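Think of it as A, B and C in the order they're written, each chain with its own count starting at 1.
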Amino acid sequence: MSLSKTKRFALSCMVALLPAMAACSGTNGDKQGQNDATSKPVESAPAVEEKIDMNSKYDPPITLTTFRGNVPEYFYPEETMDKNAIYDAYERDLGITLKNNWVVDSKEYHSKLKISIAANDLADFFLVSAEDLTTLVESDMVMDLTEAYEKYADEKTKKMLTSDGGKQMKSATFNGKLMAIPQTNSPFNSAEMVWVRKDWLKEMNLPEPKTMQDVLAISEAFATRDSGGKGKVFGLGLNKETISQPLGFLNGYHAYPGQWVKDSSGKLVYGSVQPEVKTALKQLQDLYKAGQIDPEAAVNDDARNVEYIANDRLGLIFGQFWYSAALQDAVVKDNKVTQDWGVYMIPSIDDKPGMTQVSATVNSFYVINKNAKNPEAVFKLLNHWVGVLTGGLPAEGEPRAVYSFGKELKETGKEVWAVNPLVVLLQDLYIQGGEHITEALKTNDPSAIEWSGDLKNRYEQLKKYEAGDTTFWLQSKIAGEEGAFTRMYEYFKEDRYHFNEFYGTATPTMIERDELLKTKEKEMFAKIIIGSASIDEFDKFVEEWNKLGGEKITEEVNDWYANMQ
Amino acid sequence: MAVKVSKSYRLFTIMNNFLLLLLAITCVLPMLHILALSFSSASAVTAGEVTFWPVDWTTAAYENVFGKKEYLVAFWVSIKRVAIGVTINMLLTILIAYPLSKENSQFPGRTIYAWYFVFTMLFSGGLIPWYMIIKDTGLLDTIWALVIPSAVPIFNVIILLNFFRGLPKELEESAKLDGAGYFTVLWRIFVPLSMPALATLLLFAVVGHWNSWFDGLILSNRTEHYPLQSFLQTIIIKLDPAYLTPKQAELNALMNNRTSRAAQIFVAAFPILIIYPFLQRFFIKGIVLGSVKE
Amino acid sequence: MIAAVKKYWPLHLMILPGFLLVLVYSYGPMAGLIIAFKKFMPNKGIWGSPWIGWDNFEFVLSLPDTSQIIRNTIIIALMKMIAGMIVPIFAALMLNEVRKAVFKRTVQTLIYLPHFLSWIILGGILIDILSPSQGIVNKLLGVFGVDPVFFLGDNRWFRFTLVFSDIWKEFGFSTIVYLAALTSINPVLYEAAEIDGANRLRQTWHVTLPGMLPIIVLLGTLSLGNVLNAGFDQVFNLYSIPVYETGDIIDTYVYRVGIQKAQYGIATAIGLFKSVVSLLFISLSYVLAYRFANYRIF
């Protein structure tokens, strides 16, 4: 049941996206023919039967206010978040004047937003985190969008937002009411992988990490290496974050900390307090004792691991698809690639396949202010964006290309699309990348990925890497052959994503106790690994977890689960 | 005086100077480390090869900093902030410290005033009410938001009022006999005699305004209005992992340029390093005045 | 009464601008302290949010480990207060003995340097130089045959590391205040002492220290207000899970379990508690100084 459910989800993802993608490749295959239909998606798309004409332009223009986080790299010179080609285009095409109530650095967005919320000083629509969404809903400050969504979101939009079977939409639903538009995104991007020095494997005659036993053997063997006077070599890399949340390693033992998993009786139980966790932590404790893990790992951040890697003192670490970006400066010296890295899927300790844990819920949402005058205009923005995203790659110089590429109207490698005020993302972009990019490289035909600026950009970088530009080494490990995207696609094909079975909004006890329990959990994990707590204390932790509110939360989660059936 | 230097005193002087030198060196090393990072290549920094001397000398980081429009804009905001903020701070500090330096008998009510001000050092209403008052008084997103709410530096007032008390009472009394009012006494006698204290407080005020970053982040509605330290903060801090999507993590890892960060930190601290020795001259001047006043 | 106002009006007038600004920007927000007793709801605002009595305080007290956290806070804060008094006094006295103006000025500038580096930056540097395996400090200790010490990861050392690094970062600041006070000591006093045959040490004891005493008492008293401030920024950037036992303080703990979730009621309750404790300490020392030394601190 558990497996089949995951499978169903995975399949529904794929199936729902297929028509859209097919339409895309159709567009690309037959560009000239399709251009007329897609070049002005707003004005000329066939009208859906509705009371308000969602395709007309506001005349005179209306104003929508919002909050923005700024990334200077998005812009061409002379452009800002307030004044740029994309905002101008929305006024031109939709009659919507976008006004930013404030623009702060993207890192400060959430702290500034918290204050605006507390001061009850809100824009018409804006992006919020899951926890702020709860605050806003509790305080009755945002609009119930249940009806508006039905009425104003067009078919394409609905299809895209629910292509995962509706789980991401569910995470914006409170008591059956849709309170926000989830910023849909790929749940697969947080997949963990094994990053390992391939040249060392060859040199030492070690197997590729196909099982957890292999991983342990590799760690043991690597730890005996000589760095040539640069210091002790470690077997497995951990840092102050991962030592309390060693997700990749634990997943190899079928332990899923922080997730709700189904037990044999069909009830949901909390992953961090299961016996598999204990086994895996014991193993890590042994590695630590054996000197295969940096004794200072609990204090060091990841920059130290990268430093070890640069000095040939570390060659095995768990990380997400982008980890090669962190490695770039360590691996490429004087424009030469000095180390050979491989990326592998999470292996398993037994004969069941190893799975990587990912969450089906999203972290960010668009809300509409309760007092907004034109909520339907926000849906116009949404429909419009979905049109841009799925409308095929615009030809160079075409007016609508502005939404993807900014005022240059052509691909420049800048992520200008992020300036759009309302952006939802495909739920499986990088899996598509894994499926198509390497193929495109081989055949020199990027048509299968033309529709996505992100993938196309990666493709171009891979081309440059092949031509000898080592600045793009990192991309070769992300999107290149046997790179992280390939692994993400393989996980997908082999159904090895492990989803959190709970994807509702936080339960009352969770809101009150979650952070406290998380702190306890992290503290216990780290202490066991570094040996300052014995492995038996894990049982005590489980007891304490239950007592401090875990039991109550488990009840609430199972009530939710029963309702979902 | 120089004649009667004993042997043990000379030994003491040597030890003393040696210890101070050691102390000074430990204090300068971190800054030196940052300076070395800023002039080194990225791969040397990543490999942890840089301590106090640059490896693979390059000025790329500085070209990057001075080529960055946002950095220069923020620098200018900070200069404006210091100029306006410090002027207001010093003026109010002097104006408040003088009456409060009087005894209760000379100025009934001074103790009530004193507690009125000290109380605000201990109690604050917290972030949200503070933000709302600033917003309601129309200061939000202006340079005034950075200087008006912190216009009265209570700590400095207390230091100065204690300094004023230490000044000879006779000077004020004789001036009074000559018909001088309170304002004249303050400007003509107290202020010139308090140069060392005022130079110290000026330094604190400059440093305070130059270094504060939190209010800039919270009270600006545009990144162009950030003062330098707020801008730096956005470069130095790491994104809260709770909000970090893997896509952002990728961007974050790409922009993890420690050399450029180091250059920006150094350039930001530079103005104070220039100003400080200049202010110190007033300390020396204070000594001169002190001996003249007999 | 009116005559009194008339006579002193210039003094009142001097205070007036500062008085008004403080009234608006310090006392105005203080009304917000009532959030400590409310369940803060943004849409209802500070005044409209419902009262919940002592719930916020009770929540904090109900958290496990509270007593350990309070103990850590007080121990770290007290050690910092004491060392933060003594070190700058010594530094100022030592600098006062330096005759070469250039050297004096240089040292004075340099010891103020670390003050300009935030804890985010210093945190990274300290982790580097204090590392047991490759840090420069442990390499130096190794020269003297001392085994490597894990300053930031060992519960026996962590508090001392905090205190030491904090003093190192901030002592330049108070040193400057003491030096300014020293410059105002009348040189005649030294000359008189010298004629009486006092050597430098005795001069320091009988002239310099008494001259500094008011400012010492003043700074000491003001620092009492920090009895529950163990330094959030520093601890937050230096601590790690293995040293929570000795290094976790009220502010970091509350940050982890409360503030990150925008729980302003709880944050305000803690702030209020800390303020009241500080007020008690400062008032007490004010009264004591006045009773026994007939000296008004402010």
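What we mean here is this: a contact is a pair of C-beta atoms (placed from the backbone, for glycine too) under 8 Å apart; a residue touches a chain by one contact, two chains touch by 3 or more.
Chain by chain, the UniProt names read as follows: C = Protein lplB.
Remember, predicted model here, so these are calculated numbers, not experimental data.
Fewest steps needed to get from chain A to chain C (Protein lplB), stepping only to touching chains, is 1. Using the average of C-alpha coordinates as each chain's centre, A ends up farthest from chain C (Protein lplB).
Should one ask which of A-B and B-C has more C-beta pairs in contact, the pair is B-C.
Averaging Cα coordinates per chain places chain A and chain C (Protein lplB) 42 Å apart.
Centroid to centroid, with C-alpha atoms defining each point, chain A and chain B lie 42 Å apart. As a whole-number value, the distance joining the C-alpha centres of chain B and chain C (Protein lplB) reads 16 Å.
In chain B, the residues that reach two or more other chains under the touch definition are 48, 127-128, 132, 237, 242.
Annotation for chain C (Protein lplB): residues 40, 134, 260, 264 touch two or more other chains. Within chain A, residues 118-119, 303 each touch two or more of the remaining chains.
Of all residues in chain B, only 42-43, 45-48, 70, 127-128, 131-132, 135, 141, 217-218, 220-224, 226, 231, 234, 237, 239-243, 245-247, 249-250, 253-254, 256, 258 touch chain A in the complex they form.
Remark: chain A residues 70, 72, 80, 82, 101-105, 107-108, 110-112, 115, 118-119, 121, 129, 185, 189-190, 241, 303, 306-307, 310-311, 320-323, 325-326, 328-330, 332-334, 363-364, 474, 478 touch chain B in the complex. Taken together, the chain A residues at the contact with chain C (Protein lplB) in this complex read 114, 117-120, 131-132, 135, 138-141, 231-232, 240, 243-244, 295-296, 298-301, 303-304, 511, 515-516, 519, 522-523, 526-527, 530, 532, 548. Chain C (Protein lplB) meets chain B in the complex at residues 4, 8, 10-12, 14-15, 17-19, 21-22, 24-33, 35, 40, 46, 91, 94-95, 97-99, 101, 103, 105-118, 120-122, 125, 128, 134, 136, 168, 172-173, 176-177, 179-181, 183-188, 194, 199-200, 214-215, 218, 222, 225, 260, 264, 267-268, 271-272, 275, 278-279, 282, 296-298. Those residues of chain C (Protein lplB) whose C-beta lies close enough to touch chain A in the complex are 40-45, 63-64, 124, 127, 131-134, 150, 152-153, 240-242, 244, 256-258, 260-262, 264.
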